[in-house]
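What follows is a set of structures for review.
Each of the next two complexes has chain A plus one other chain: chain B in the first, chain C in the second.
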Partner chain A sequence: MMTKVELETFVEGTTHYFATAANQPASVGSPYIVQEGKPTIQEFTGLISIAGKRRGIVYFTASRPMLTVMLMRMGETELTQENMCDLVGEVANTISGNARRDFGKDFMISVPTVVAGEPEKVVTPDNIRSFVIPINWRSHSAQLVVCLE
Partner chain B sequence: MASANAKAQPLTNGKLKLMICDDSNIIRRKIERELQIERLQVIATAANGKQAVEAFRKEPADVVTMDITMPEMDGIECVENLVKIKPDVLILVISALSDKATAIEALKKGANGFLCKPFTDRQLTEALEELLRGAGNDD
Partner chain C sequence: MGILDLGRYKGIVFAITGFLVFIAIILAVNHGKAGQFSDNVAGVRFLENRAKQPGAVYDISVQLAERLRQGEKIDETLSSLQKAAAAFDNSLNSLANGGMITDASGDVFVLPTMTTPAAVERLKNASKLWDGYKAKLNPVINFSGSPYYTAQPAPAPAAANGKAPAAAPAAPAEPTVQYSPRGRRLQAALNDLVQYGNTAHGQLAKVMTDLSVEVEAASRTETGTLRAIQVGGMVAALLLLGAIFLFFARNLRKEEAASNRQRKETQDILRTVNEGLFLLDKDLKLGSERSMALNGIFRREDFSDLTFDKLLKDIVPEKTLKTAMDYVALLWGERVNEKLVKTINPLNEVEVHFDNPAGGFDTHFLEFDFNRVKSEGSLSHLLVTVNDVTKRVMLSRELQDSQEKAQAQLDLLLRILHVEPDSLTSFLTDADVSLKMVNSILKEPAREETAFRAKIDGIYRQVHAVKGEAAALGLKTVEQRAHAFEESLNDLKGRPSLSGSDFLPLVVKLDDLFNHLAQVREMLSRLVDLHHAIASKRSAGGEVAAEKVDQWLAGQEQTQITKALVAPPADVAEATGAIGGLERTLEDLAARVASSQSKRVNLRCTGLDAVPEAYRRAVKDITIQLVRNAVVHGIEEPSERAKANKAETGALAVEFSPRGADGYELIVQDDGRGLQLDRIKEVAVERGLITPAQAALLDPRQTMALIFRPGFSTADRVTTDAGRGAGMDLVRILVAELGGRVGLASAGGKFSKFKIWLPTAQSAAAA
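Showing the complex of A and B:
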């Protein structure tokens, strides 16, 4: 089970990512537990598998319109499907990698896996509770989902 | 096959040769786009450590930006390989892995600097300028 302090690491990482990389701060809400069913999956999802000291997954899921604006804010001119896949993977990778500052080097992260338009392919472990960190950025919403033993 | 004695041929315009290695296309393009150092010229980009070593053997760069978490060959192993080919290459690791142990390991393998993702264009420029100053390549 994750602690409040551990979740705060991901909230801070998400806040820092948007302020720095997307050139505009996001409103990052309080994490909540998914009580029933599966966490939200949007059109593009970047997943990181966690191994070592902790096990599980972290994923960032967002819509095409939000990713389009993020790419534009980053100065990217090629607003392609490939770059949207790349961006969700990079967001998940950056926030998970930054978490090692608190979790340490034994918090081992995989390269990103990206799922586009096939929500059934995003699988969270049944025996671990998922925490959702809601992200509101401009008029868009996205989610960071943290599911760790 | 390139040997450990591979020498960089300077560009005719006197600029230093830069290679960008990151598995993210948008990060490679961001670094290329936001590069604000006149004396650096991008000569190659690579999406993983293996591609970087192959490109470096063909044409060794003077300066390399290197991600760590990549498929095929990670950045730490790649740094080790590049330094064997060209011991005086300047390597700036640009990674999301923000724990001290990772930075120390990269520096031990031969990297010269560490910039944590996410980064602003100003932070990138400052990190590269510091890298060049440290090697006595400042103007």
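Showing the complex of A and C:
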């Protein structure tokens, strides 16, 4: 069974990134479960795979407008697709780092991969419900999706 | 390895040693012959020198005779003759006596040529001649004293030079010399000597010259021999070297062929074997020889300069890697009991994860086996055998999982066996709807605290309904989970501020409830299958087998199970309907709650079969809450009832009746203590729902309305049956959602009556 601590670790990883890198903290929205079908996938998704004690994927998915504002606030002038991919990749990397720190000894955590505009490439394990945690930042809303056995 | 234990190098060492010995012999012979050569040269020089001596003796003899004739002093000349004779005598004797000669530096050595028969013969002849010569010489060289009379005038100074008389033809006439008798004898002996010597000295000189020639010839022969030995030795050495080369070339070829064959065999084995094999050295570096299977097992081609930790680093968690490295380090200990250490091998089933190019990981299980390789008594390597045992492990885990699942299902089965299948089905459907509703509430976007707080009450009502029905059915495991969920909600309610993070425990609990209900659903489905199986067996005449199943089931829960399972579920459903299930559920609930409260109650239900489908769920939830409330709060304990002249068993009635165009009426009435208005006010003040001043102003009707406020409860402590004050709130909301009304009548110590009016189903749907 998924534990509260595990979920908190992933959420903290995400909010930590916003607080430190994006110069403005994000708030956590009301979490929910997606039992059937695919959870939300926006234009840019940074994804890590996890194996070991738990298996599955964790991803952060955000819209282009949100990433645009984030890049601008970070002082980036080139608002290119590449930079947006890097950004969600970095968020995924921070989540991965947090997870490694908290339970890395029991887990295998992959290097982050980024999917841009191709939701079919985000493959969630079959028959596993996903936890969706909205990450609200300014007027935007991204999602952290935890899909682990 | 001992010094003589040369192994495969024995042959070459012996051959080279033989070769060196041969060369040494050649050199020794060469050296000996070279020494002989220098002796011969010295010998030739010696003999040439000695060949002049007889001539010298003769010349001195002639000179002496002349001096004597001139009457000159002869002492010095005589002395010279003595020395020359003695020198030749010595030389001849030495030569005759084994060929001994003395070179210019005074070293004495033997001239082997002097021992040849021809030389011996020559020396013998020379000795004979010399003996004759010596016989003539002896009277002369033994002469002493003066050969002249004493009156003899002193010799002229020129006589000092022996050659002077001969070299002075113009000298004055020969003086008259007066000889003493001894002088005359000397003169006679000298004449005899000169006469003999005239022929003998040439012969002796010739013997010496001949000997010299012989030595020279012998020397030439020695030189030829030496050259022959050198050439022969060189040729032999070359031949020997060639032979050694050929021998070893052949052996080398043989060994190479054998080694190639062995290498090929090893390669064949390493290419074909299914296990991953490799050696680890002390630095934990992989050896160069490995089996091909390793590539497939580790999904890589390049293993060069790879260490064991690098091999595992990217495919196992850090903890496993540390364990692996500690274990391998342990194996390198010299004083390790290998068998014992192998029994604690932590790597006999390692879970490894390979990056999948399509994303994620591919998980495999590897089995590592370690064998210590010893060389010359000390540990040199570890032989590592790796097998991919994924299939075996997966099968074993599946088996274990299915056993655990079977055990869990059996436990669950025992818990749900006493519940009627219809009631359970109905509960599962309703609970699923409730939980999905909870999830929908959670999913509503929320940023502000008010939005988060608004979710809590909605979620609470849904979970409470699930808990209530689970309790009514006696589904303890569900009830406990729902209760824990309520506690989390209660915790959130008390927090001064709320955010999405605070809701994380809720989704985890919601997930747990979903999962648990899925398990219950699966078990129910199996029960129904079993039920069908029994029915079909019976209809096919398989009474015996069916009875056995019945007996087994009866062993678990005799009355309830048989009652529930004897008829197929379809029949049950038709005969009793869902509401029939509700009636039983309410009866069970009333009995269970009464039992837990040490009370007695008799529930009577009427008209529940007339509940329209649209109200089924709501009526169920409402009646469950009201019945439980009535038993907990209304019905008194038997002793109290007895004091009040009431029957010890409380009466509780649930009536549902259609009221034509006015809709429906649901009445839940008990003959308990009624609503205690003072207590209600007191609790409402305690719970902060109203102020004491407001309480004082409330009329009975307003006081009774307080029980429908969220969070109101007169129970002293929170239990799964009562205490949080959510039940009546749920009733109020359910009725309100359907567009109905709630009426409440109560008489202290006599009764409480809840009267609920519901509109017709059509007007409810329109609403």
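Following the convention adopted for this analysis, the second predicted complex is superposed on the first by the 147 of 149 C-alpha atoms of A that agree within 3 Å, B and C clash if a C-alpha of one lies under 4 Å from a C-alpha of the other, contacts with A are read in each partner's own complex, and residues count from 1 in each chain.
Heads up, the rule we're going with is that a contact is a pair of C-beta atoms (placed from the backbone, for glycine too) under 8 Å apart; a residue touches a chain by one contact, two chains touch by 3 or more.
Since the model is a prediction, treat every value here as computed from it, not as a measurement.
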Overlay on chain A: chain C relative to chain B, clash or fit: fit
Which superposed partner A:Ser141 touches (first chain B, second chain C, both, neither): second
Touching partner for A:Lys121 - first (chain B), second (chain C), both, neither: second
Broader residue contact with chain A after superposition on the shared chain, chain B or chain C: C
Partner chain in contact with A:Leu71 - chain B first, chain C second, else both or neither: first
Chain B versus chain C as contact partner of A:Glu43, first or second or both or neither: neither
Overlay on chain A, chain C to chain B nearest C-alpha distance, Å: 8
Chain A positions touched by chain B in one structure and by chain C in the second: 104-105, 110
Footprint of chain C on chain A - complex, ascending: 1-4, 7-8, 11, 27-33, 35, 47, 49-52, 55, 57, 104-108, 110, 113, 121, 123, 129, 131, 133-134, 136, 141
Residue ranges of chain A in contact with chain B within the complex: 16-17, 20-21, 71, 74-76, 78, 82-83, 86-87, 89-90, 93-98, 100-101, 103-105, 109-111
Complex contacts: residues of chain B adjacent to chain A: 23-27, 29-30, 33-34, 69-71, 95-99, 101-102, 116-120
Footprint of chain A on chain C - complex, ascending: 315-319, 351, 353, 355-356, 358-361, 363, 439, 442-447, 451-452, 455, 499-501, 503-508, 510-512, 514-515
